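You will see two complexes here that share chain A, one where it goes with chain B and one where it goes with chain C.
For the complex of A and B:
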């Protein structure tokens, strides 16, 4: 039963990764013959302003996204868990999870209409409460936040379900004992709940960080990297290099670098949480 | 660890599933064309001996598909040597991934279409078959002067122009009348109109703010109308006063408060205007029959306040043959191209340019043959009589050079002053030219 998994990983993951590493040593526009350039692409990358800008934008996206996803999914899981009515709990769980069933492309398209500068619902509400119209996707300072909002909206339900399953494993007797000792809700959460769902928290944090570094779909649909390159995250930059500028060798160089970066971030996180496996 | 492996496996399977889906949908589309061809083609025992010719393009609209099916079937019935099948691929996929990767894997189509935005990449890579042998003096005479400029390199012609798309401004007559605004003829009039026509419900003016080919395409004429150019025979001219002025004008438009800062779709789509989202929109000749001339008007691009030369940009697809094909396939490709688009009188070409889509042509005989359509309403007349005579070919350049120009426009709009953006782009282009050895950019 393990063999199909290994074949799958080999064909769809390891071979493409190795091929990307191989391609990164070439100057290749797909149409012409590959020219071997050794580490030249890596040297060029270190002088590429756009690459560093894309890393910076990715980091900004990542920080906002990870914090929001982690905190909101945990809060929602605790909220759903606290509902005593079984049907109410089920309804809340489904309602929060529902966005996760929608395709990213569809969600991004719907949100474009919500963010629309003139006739979008959000601006109508903001105007009604006196805040005034915002440019949202047309603003270099707001577009990235808009993309984050869509990403969070899509994934928060999924992470909530994982947190919820972890919360259900915490024995009720611990809380009863804590209540007898006079612990309030916040103390119960930080002294009992949070330490006991640590493994799940690490899992969520790692997968969310990895996911945030790979954001692409909603940026392609909502902003196309703009305005003024303000949402050109690294994966989108790789796409532009490969499929708009036909620089497949250089695009692979950045893809390999990004993979290494994600690996280091993950290892650092595991070390931080002192988890070996 | 096992969970992590499972997750990886699931992701891999998802990737393969998506890949299979794409492949399936493409092959279905291909089969539609092929099966139609073989069922209505000769369909005889010798059909298996025919040389198979594949034609890839981006003509996915219903009328375009109908045109392809009709004439490819007719071509297959007209001779016994070749069997043509086609694959119509959505534009984005066609220009970004499909065509390039087909050449990379040695599975390129025998016949394919290219726009000026991507043509240099293919000509420089040497994957295009010269078409000089089918362009006899008689056939060359069918086209207007300069029609082959963007699809030639070192005197060799690699493409046949299929159509000619030109650009003007469309406006909502009722909105202009209500606001008491005249159709803008100068840059400052356009700025004023954008502000006056702007409201809570609709923008005053809509132009492309997204980085890309379409934005560059519509930017060029604003430089040319001042008598300037982005490139000269000596190289890049991106920080010339004319380019800086055009960048500044676009920046002023974006910041005037009357423009559509984030159109929800490509500005090449006229429905932004027809859905009432804007009062004025820059758009092309392809929309003439989609915008009711009773409600919407067309005018040439506004000129600088101190005068200028009326000019518009002309793009258009070229049909080409692959040099990766065998000699027999190349001969078939050329025979098919000659039959379909070098027709004289231009029966196929007229139907392609006026029924399958609406576009102008670099062939005067096409315009003449279909004068009833090209003069069918006021807007078509405006394009035919006022705008078309001022058309100048789109600049054909490599993807990397195009990116420098596109980045310059984005920088000027959002990140820095027009002069700084132009200087930065000039430096980047000079650096690029120091190693570039391909065709010279003109325009």
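For the complex of A and C:
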């Protein structure tokens, strides 16, 4: 009974990993036969400015995204938890969660509409307030932030729900004791709540970071890597190399490197938070 | 002091809720506006029309991509539930050689990022002759260690004594699975079913790698293509997006409890 799943995992997950490492040792485009080049692709990668640029863009995306998602979802969870009225709590939870039911593609679509340079809502408001028009997706310095905003908007509700269920597990009596000792809200949060939901925080930090390294969908739709390559994150670069330029060998080289990088970051974090599983 | 915190709470709550809801409201209201009014900044449409929907249906062949999306998402969900529950049951209740090692191996595949395997997967699908077919989208999305893990946890919660009693009564393993364990596990089937359906309905990267002709487009690709095409009127794009969003929103509204349960399970795993 276990066999179908095992075969599935073998064919569609395990063999592909080995295959990816194998392909990365070849010079291979669709037209010519593949030729074995050993570590040549890896050496080329180290000289490829576009590759390092994509890693740098991914890191920048990752840092902004992770900080925003973590802080906002935690604040929202604390806010929803603090609502006394059950009905209000329910409504707020649904309102904050709702974006997560939407696909990245549709979300990106609506936000393009909002960000539109000429007649978009945001620019209309900004001119009304006197800040003036922004280029948003057309600007090399703002496009990445716009892409981050969409990612955050989509995922915050999801992490808020996870934080919320962790907050509900903190016994009310702890807070009562703290209040008797005269601790204020902020002290209560940092001395009681935060230490008690540490496992959940670690889980969210790790999954958010892993997710941020794999961003693709909204970039493809919103900027297609541009303007001027300013949103070409590594996964997008891999996609371009493989499925637009047909350099399958070199694209695999970067894919393998990226996965090693992700694994390294994850292990480093587990060490950092001192979790032995 | 009390009034101050209350004020902060009310303002904060309004800001959170409006930021998260505004784009969704805009999506729906934009799809109901006639093309000339699309940049009318009033949220409530001054003139309501369904003409954008009619045009999307007439010109875009949107029903085909909706059908493709349904086919893909439902097939993945059904196959995944079947495979994961059987594997989860085996790991929870059966004895077989290398069980422990095999389970660890299954868990380790959770670490693999999709971006690494997308290129080899494409060639495997090509070898199978499934490029530009719906089955090419479906099959690689089925195996998933995470589902196996959750089913195993669930089945371990069902008492071993039930398993043994049925065994003594002469039930085959399959009958125990089908007649004893499945009826006791309906909630997890719904929870994971909803989560698989939504994930695959919303999936974009893998379908765009597999499909080449517009007949095989899933609805996410159709919308992404509309975005890329110059001069597509906004009201059409928004109307198509609304159509794409409705199934997952309906699922969320009716199965909210299971929906949120699935997320909490992801959190508890930590």
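One rule holds in what follows: the second predicted complex is superposed on the first by the 267 of 277 C-alpha atoms of A that agree within 3 Å, B and C clash if a C-alpha of one lies under 4 Å from a C-alpha of the other, contacts with A are read in each partner's own complex, and residues count from 1 in each chain.
Convention: a residue touches a chain if its C-beta (ideal position, glycine included) is under 8 Å from a C-beta of that chain, and two chains touch if they have at least 3 such contacts.
All of these numbers come straight from a predicted model, not from anything done at the bench.
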Chain B versus chain C as contact partner of A:101, first or second or both or neither: second
Partner chain in contact with A:119 - chain B first, chain C second, else both or neither: both
Touched partner set for A:26, first chain B, second chain C, both or neither: neither
Partner contacting more residues of chain A (chain B vs chain C): C
Which superposed partner A:229 touches (first chain B, second chain C, both, neither): first
Chain B versus chain C as contact partner of A:214, first or second or both or neither: second
Touching partner for A:51 - first (chain B), second (chain C), both, neither: neither
Which of chain B and chain C A:243 touches, first, second, both or neither: both
Chain B versus chain C as contact partner of A:12, first or second or both or neither: both
Touched partner set for A:70, first chain B, second chain C, both or neither: neither
Chain A residues contacted in one complex by chain B, in the other by chain C: 5, 8-9, 11-13, 112-113, 119, 224, 243
Touching residues (chain side chain A, partner chain C) in the complex: 1-2, 4-6, 8-9, 11-17, 19-20, 23, 75-76, 79, 82-83, 92, 94-99, 101-114, 119, 121, 124, 153, 156-158, 161-162, 165-166, 185, 199-200, 202-204, 210, 213-214, 216-217, 220-221, 224, 234-235, 238-239, 242-243, 248, 251-252, 255-256, 258-259, 262-263, 266
Contacting residues of chain A [partner chain B, same complex]: 5, 8-9, 11-13, 29-32, 112-113, 115-119, 127, 135-140, 207, 224-230, 240, 243-247, 277
Contact set on chain B toward chain A in their complex: 1, 5-9, 11-13, 15-16, 96-97, 100-101, 103-104, 121-122, 124-127, 200-203, 209-212, 260-262, 264, 277, 399-400, 403, 407, 410-411, 413-415
Partner chain A, residues of chain C touching it in the complex: 5, 9, 12-13, 16-17, 19-21, 23-24, 26-27, 30, 39, 41, 82-84, 86-87, 89-91, 94, 96, 102, 106, 109, 111-124, 139-140, 142-143, 145, 148, 173-174, 177, 198, 201-202, 204-205, 208-209, 220, 223-224, 227-228, 234, 237-238, 241, 244-245, 248-249, 251-252, 256, 260, 263-264, 266-270
